[in-house]
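Worksheet: one structure, shown below.
Think of it as A, B, C and D in the order they're written, each chain with its own count starting at 1.
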Amino acid sequence: MKTAQLLLHCPDKPGILAEVTDFITVNKGNIIYLDQYVDHAENIFFMRLEWELQDFLVPQEKIEDYFATLYAQKYGMSFRLYFSDMKPRMAIFVSKMSHCLYDMLARYTAGEWNVDIPLIISNHPDLQHVAKRFDIPFYLFPITKANKEEQERAEMELLAKHNITFIVLARYMQVISEQMINVYPNRIINIHHSFLPAFVGAKPYHAAYARGVKIIGATSHYVTTELDAGPIIEQDIVRITHKDTVQDLVSKGKDLEKIVLSRAVQKHIERKVLVYKNKTVIFS
Amino acid sequence: MKTAQLLLHCPDKPGILAEVTDFITVNKGNIIYLDQYVDHAENIFFMRLEWELQDFLVPQEKIEDYFATLYAQKYGMSFRLYFSDMKPRMAIFVSKMSHCLYDMLARYTAGEWNVDIPLIISNHPDLQHVAKRFDIPFYLFPITKANKEEQERAEMELLAKHNITFIVLARYMQVISEQMINVYPNRIINIHHSFLPAFVGAKPYHAAYARGVKIIGATSHYVTTELDAGPIIEQDIVRITHKDTVQDLVSKGKDLEKIVLSRAVQKHIERKVLVYKNKTVIFS
Amino acid sequence: MKTAQLLLHCPDKPGILAEVTDFITVNKGNIIYLDQYVDHAENIFFMRLEWELQDFLVPQEKIEDYFATLYAQKYGMSFRLYFSDMKPRMAIFVSKMSHCLYDMLARYTAGEWNVDIPLIISNHPDLQHVAKRFDIPFYLFPITKANKEEQERAEMELLAKHNITFIVLARYMQVISEQMINVYPNRIINIHHSFLPAFVGAKPYHAAYARGVKIIGATSHYVTTELDAGPIIEQDIVRITHKDTVQDLVSKGKDLEKIVLSRAVQKHIERKVLVYKNKTVIFS
Amino acid sequence: MKTAQLLLHCPDKPGILAEVTDFITVNKGNIIYLDQYVDHAENIFFMRLEWELQDFLVPQEKIEDYFATLYAQKYGMSFRLYFSDMKPRMAIFVSKMSHCLYDMLARYTAGEWNVDIPLIISNHPDLQHVAKRFDIPFYLFPITKANKEEQERAEMELLAKHNITFIVLARYMQVISEQMINVYPNRIINIHHSFLPAFVGAKPYHAAYARGVKIIGATSHYVTTELDAGPIIEQDIVRITHKDTVQDLVSKGKDLEKIVLSRAVQKHIERKVLVYKNKTVIFS
């Protein structure tokens, strides 16, 4: 059943919820999902709404225009409209570690995610065999200081050609530069192997070991120009003890990383993440 | 049944475990607890041993001397010997929040902890009524910049008079100065309301809220001269969502803080914590 | 700021949400909380709504009547209306273990809960001293097979006299009989020391130890006539290992029990629990 | 570096630990792992020991014999001796769901596990493509009531031919019959999609949904002749809410299942699981 998915936020005022839901139901849209939330500190109203299009009186291609004219202007809304039959298109960036890549491809191949994955990009050839196992085109862009800007431009051309809507960095060991981040704002998902903001930057497991923490974590976030400081989508942790070596942390961390990243990617695919002021609203 | 508790560490060499356990069993000590661990990165052997003294051939007051002479010298051991009938004596420092204090006093009063709590110290009068409910002497030492050194000296005299062996800072909102830390090395337990090393210092819940994390934590650690940087004894976390206000974090955090602090205090009371190079070994 | 709190459920139909929120806002009520959820399997709409009464045009004492007439009839709603200044009145039943009792009284005394606790009832005298520490009347009703019915009747008279609105069984080691359950339907909260439905009935820690589970749990639920089978409000777990004795399980379980019970009680006090067909909807 | 791995248990007596470690060190074995535990309720001593064989004076092929003669007899030990260069050989049984299979094959292919996987067996053809992606032979044994005994015999012949040492049921939807269990005692690992002992048997997610639990779990255990009642190796849980449908439970449960199963399999591969009286000792 084809559906429309609407995410919006605006200054909170009486009547928004009533008016918007009324618009759907009056036009014979069957609402199958509604989640809303008011941030009383900022006085902002957030909502995600999903309804079936079958009997909806407004033609699909005109919904955005009507909604903008009738409600968005009036309430000062920012909104995004999606349709269930327009799948997001995802590019995966990897380097040498395969655990996150396998986890996502297994879900994809099993049909768990409503997404297309037209390509995998890497700065190392190591994981080409994984791409091949799953019959997904693999593009190698070795990165050096000298060629980084040029290679990223080539990557972006490739991404544009394949109509990629968002990027997942699956333990991609290169900092994405500002030019690419600006093209995919809040649409590049990274997995960092610590419970941010602890242990920003390189070698967080070594840092965690040195500090003697009793829990380690992983954090999935949107990439912004400040390293490891973008809006957090999902985090989780696992207990460790004094008996765990750095290698044990790496090993236990891998399971965390892949699950946390996949949960974040799934929420993004389902269009259930809304970013506001460097924080995320995660709809149910 | 009276027992001896031995905690030790030394450079790892073949035979230590065999020799030490042999010493106990040959002298008719019944070993009821043995936990050991080798840090292969540092090549250090750690052990905790507990045995019944009833039929032990070495008189209680000579065990320390014998062990030092026979084994500690030979292996370059650091060790501590405790006896089950010599209870640790604990002072609690509080300010205005009661949740950790109540949690510890409830355990103490119910007989769950093998400890004496001869006194509670505070820089504010707010929790005097709690001390009174549990019939524990309450001493008020208001702290200002001007009188801090002097007040701490008075506190230390009081602690010494009561033979206090360790201090618990139960959301005590004052930095302990170096003079007191040096008198109680690795014997002042603090609870910090974040998953350290994230959000060191003041107002960690506000910082966690501002950063938009999806989990908050609490950390119990020994106090050292560097703020919130001492050896970590215990940590735990709880999930939050975008719906949680700062006040919600404070409220959810309280449950974390009291449980994490009480777990750490319990491990300390049971003499199951060994500090080595700013990290803890927590015996089972 | 005085508020009204409305919990309702009814068969899902288009327009309910719009109509109900419209009723509040048109009458100048400022909505400060709205959480709704549709069970698509059962086609039931659930909502919790809270609004400030200050400028609300409908007089407080007429809201229930107006709402029933205008909406509840039309949509076949079940609803409950509460006011923030009418505190729930809670009775605590205990036997011999103090951990849950202390935990709740600490919160109550610290002003964390918007509730009155006029009395504590017990079938054993053991915890009278705790009630006394907190200056709460303690009533002893020893229970035998012979006197149970009679004692419960006396308890119910006492509860009625104090206008008790709900009961918390804080490790009360007696089965509540049907006559009392019927007077307090979904208003008696129990804590069971297992992750239900595992280990129903007596001695769940012994059963967990015998089965060799790697996690233990605690479950808070409303009491129904079938033992340990009522609607679950909250559950949590803690990891154990083969090293944990039954006594260790009891000890670790106590922390679980008190936190799980207090979370459930807090949700009930906040009027955020709605029972439907032996399951709970827990509003955010 | 080649190592020997020794797991043993016997009635606890003074001197066992000293004697056994002495045997290793006197014969120039370098102990790199020692974990021991005494079950004081049952008075049983458990130990896992690992040492480097390079300079060990006892020839590898004679260790078992020497140890049996010198210590096992004397102390009434049950023991098992393994060598790091003799990899366990694992068969995976699947039906239609791929998540556990992918998770294990990703680890295997990445070289994380010291194991051989010579074959995959299934009662359905659905996952043949997965086996093919990873170049592992796939054998189809469709099972009906009529042919079950015969098919299992054929499977066992195949397993024997490939020197399989243990079997992993990766959501294999068939009950293994007694004849096969007896051939692989405590060597068939199953994943059950509930926190056992809750929801034994078929459709545990439906049962969990119907009961209204707030947490769901997964349990990995050795298969015994009583359904879902074998020794538990590993369990974990995830929180759910009233908003989760049965399909959501299935989806969230998949992540649990694969992680819990892989953790259990890893412990088994590392020879860190010892079964005693239907419970497991899991070495660190």
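Following the convention adopted for this analysis, a contact is a pair of C-beta atoms (placed from the backbone, for glycine too) under 8 Å apart; a residue touches a chain by one contact, two chains touch by 3 or more.
Everything quoted here is computed from the prediction, not taken from an experiment.
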Next item on the list: State the pair with the higher C-beta contact count; candidates are A-C and A-B.
Entry: A-B
Margin query: Let me check something: if the centre of a chain is the mean of its CA atoms, which chain is farthest from subunit A?
Written below: B
Next item on the list: Please report how many Å separate the Cα centroid of subunit A from that of subunit B, as a whole number.
Entry: 42
Notebook entry, point to check: Any idea how many Å lie between the Cα centroids of subunit A and subunit C?
Noted result: 38
Next item on the list: Could you check subunit D for residues that touch two or more other chains and list them?
Entry: 40, 241, 243
Checklist line | Residues of subunit A defined as touching subunit B within the complex | finding: 37, 39-41, 195-199, 211-215, 217, 231-237, 241-243, 245-246, 278-282
Notebook entry, point to check: Across the complex, what residues on subunit C touch subunit B?
Noted result: 98-99, 102-103, 106-107, 109-110, 112, 133-134, 241, 243, 251, 255, 259, 262-263, 284
Check: Contact residues on subunit C for subunit A in the complex?
Finding: 14-15, 17-19, 21-22, 25, 30-32, 34, 36, 38, 40, 239
